[in-house]
Amino acid sequence: MTQALSLLPPQLMTTPPLLTMTGVSRRYGDVVALQDVSALVYPGEVLGIVGESGSGKSTLLRMMNLEDTPDTGDYRLALPDLGGNLFGLDRFARRMLCATRIGIVYQNPHQGLLMQHTSSGNVAERLLIAGERSFANLRARGRTALEASEFPLDRMDARPIELSGGMQQRVQLAKAIALEPALLLLDEPTTGLDVSVQALVLDTLKRLQRDRAISMVIVSHDLGVIRTMADRVMVMRRGRVVEQGLSDQIFQDPQHEYTQQLVHAKL
Amino acid sequence: MSIAQLTKAWQPMSYGFLDASAKRELRRKMLKAIAVPGCQMPYASREVPMARGWGTGGLQVTLTLLKPSSVVKVIDQGADDSVNAASIRSFLSKVSGAAETWDTLDASLIQSRHRIPEERLHAGQILVLQVPNPEPLRPVEPNMSIARQMHADADYGRLWLILYEQIVRSGRIMEGAAYPSLVNGRHVMTPSPIPRWDVPKLHMAQHLTFLSAGREKRLYAVPPFTKVEPLVFSDVPFKVEDHGALTCHRSGVNGFYMNEIPQGDGGSAFELSDSHLGIKAIRQAEGEADQIGATWYQNGHLA
Amino acid sequence: MTPVLQVQNLCKHFEMHHLGQRLMAFDGISFALNAGEFLLLRGPNGVGKSTLLRTLYRSYLPRAGHIWYHTTEGRIDLARAADVDISLLRRREIGFVTQFLIARPRVAAEDIVAEPLRRAGVAAADALREARRWLEEFGVKRDLWRAYPTTFSGGEQQKVNLARALILPQRLLLLDEPTASLDVGARAALVRRLGDLKAQGVAMIGVFHHPGDVADLIDRDIELTTSEVCEDVAL
């Protein structure tokens, strides 16, 4: 079987990648969660990570958010005043980095939101951690973030616990983008939502991505979501990356046996 | 060697009631508290002849600091003559031989429940405040271990969030007493339930302040010349109670924190909370040579 | 003559793992294309014309050969270029026009058409004006401009698709049956637009069901013949 041609390193893209992860491995006892995984995300692009349960995709995303450290591996973000392997950061630096320079949207809104506080408060908390001390600014910047997430402003002081699933995801999104991070991580952001709501949320994400040139990493088992959102796709299986490439190429001309199975299995 | 040479005569109790090892532990924790202003230090809170919730924390700190040359003043809501204040004061002098006083200017140690005297304290004086609940993060995080971690991480976002939501809901910050304050730019403390009027007195003060909670077994300190900044938004300023224009109906003094006394006709009369200040004012008016010291507030405003 | 594309010995087949089969698409294709040239791909249905276009666009990965694309900074082999480089070229220089519009559920037709301009940094108001102009040119009814194309007929969707694909002049345009489901007016508008772009120097490679529509634009053509369709291989 002849291999597809191996690709060269970038020649035209002169901007270095925003996110570089190399050789990340993680075991939990006997279970191999990640095995020698590497990933690159360039500024302004959307990387989709697709895989079934147990593929390690969510674990990888958690690593990107510094919620977990691997057994081995290197993680760098090309951001001002930041250098070295981020897995080696101390607790305080890690917290500040996560809170102020990376945004994350979880599948379960309960994980990402303070359900009993107001929606605007959830966004304000992020700003407060970053040092915003003007009440007027907290309101204004909160409104901006909620508006960009296409959340109805007349409900900005409603508590997430009172809102629908789609609205809760929008609050998470507003919270994630409030500090205008360069990197946004999304873990199954629309899974569990009604189909019509899914479409709307994805649409908001696409618009946001175009307007703010924010880099995104989207993890999903739903190929439709990945196809809609991603520029490049990484296919994971049992902790390993089995294939990666341009989004349309992965879906139209999958090379690896597993990817072919995955793509053809779509109803 | 005789027994008499090797031992001391029996005494009914140690000097200052607490035994030497208790005081030693307290002293170490108090020094630690000074070293990290505003940070709560846990200590082994001892039994004293008073029930928990009545000032045992403050009492243990005062007992540790007592010397024969100490002059102690004890107030409860500003009054030296309240039953509890009087009991504590007499106990203190009984176990140490220290002198008692009602005059802020003469005291070297001042133990207080919920008020700071109006006359400025100076470098030779130590203020000990009784604290019911030392944890400012309790409304945010009831779990003590997590709260400790939050202090260590300077993770006060959720505390700020509560203040933000108070303004959203009511248009202003609702904290009346025990206004959470940032000490030395690092730790947030609750300054015990003193009124907002008193919080600015802790900021860059000449004196040392201890805050101690006996039931909760934590103590913390504000060393002299340390920043104490109430948590405020830059555009929603910190406001003290509106007492600047009130007059004490007994002493005629105005411009200080007042107790409100409801009258039979439905109205209110006001009385100086710092009762000995009122007494001195009355004595002065009657021609006695009583000295009133410099005060933090002048003409109803912070000087 | 400014060279744009030089294809050398391009080969493509598909490995169907679950069938244990190899599906041959084309083999040993070579040609050159200059700025402003229109190359037509001819051949029977299923012979691989569409596959060739997709391989040039890198939706399919070639097996062997070179696709030399000339940029202002030198040439780059699209067959082996990094994914990010391909993304970059697709954003700026290389366009692909299919007969299928991947419509996003709640985006208005005029926003879809304006998007390539917005991505290129054009201000929202200007992009919208230009988008509306092209919707009109292609004959999309005015009251549909703010409607969602997912609800349109095939023909209307195709018009939106074309307006969007052709709004920003590229250096290389790959056209895969763009006239399918178009009415006469829209077809004429397409040919006019292609003619304009050609005059501006855009190089084009197209597959047309009715080559007669674009007869005046064609400079050269390539005939693809059927080769080995299927081969059982031990994979």
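By written order: A, B and C. Residues from 1 in each chain.
In the analysis below, a residue touches a chain if its C-beta (ideal position, glycine included) is under 8 Å from a C-beta of that chain, and two chains touch if they have at least 3 such contacts.
Here the structure is a predicted model, which is why all the values come from computation and not from measurement.
Taken together, the touching pairs link the chains end to end in a line with two free ends. Here the two chains linked by the largest count of contacting C-beta pairs are A-C. Chain A has the Cα centre that lies closest to the mean of all protein Cα atoms in view. When you average the Cα atoms of each chain and compare centres, the chain farthest from subunit B turns out to be C. Our note on geometry: subunit A versus subunit B, Cα centroid distance of 49 Å, whole angstroms. Chain geometry summary: the mean Cα position of subunit B and that of subunit C are 78 Å apart. Between subunit A and subunit C, the centres computed from C-alpha atoms are 31 Å apart.
None of the residues of subunit B touches two or more other chains.
Residues of subunit C in contact with two or more other chains: none.
The part of subunit C that touches subunit A in the complex is made up of residues 14-18, 54, 58-64, 71, 73, 76-77, 79-89, 104-107, 115, 118-119, 233, 235. The touching residues of subunit A, counted against subunit B in their complex, run 91-92, 95, 99, 114, 117-118, 120-121, 124-126, 128-129, 133-136, 138, 157.
Contacts from subunit B toward subunit A in the complex involve residues 153-155, 157-158, 160-161, 164-165, 167-168, 232-236.
Across the complex, subunit C is touched by residues 1-2, 4-13, 42, 45, 199-200, 202-203, 206, 210, 228, 231-232, 244-246, 248-249, 252-253, 255, 257, 260-261, 264 of subunit A.
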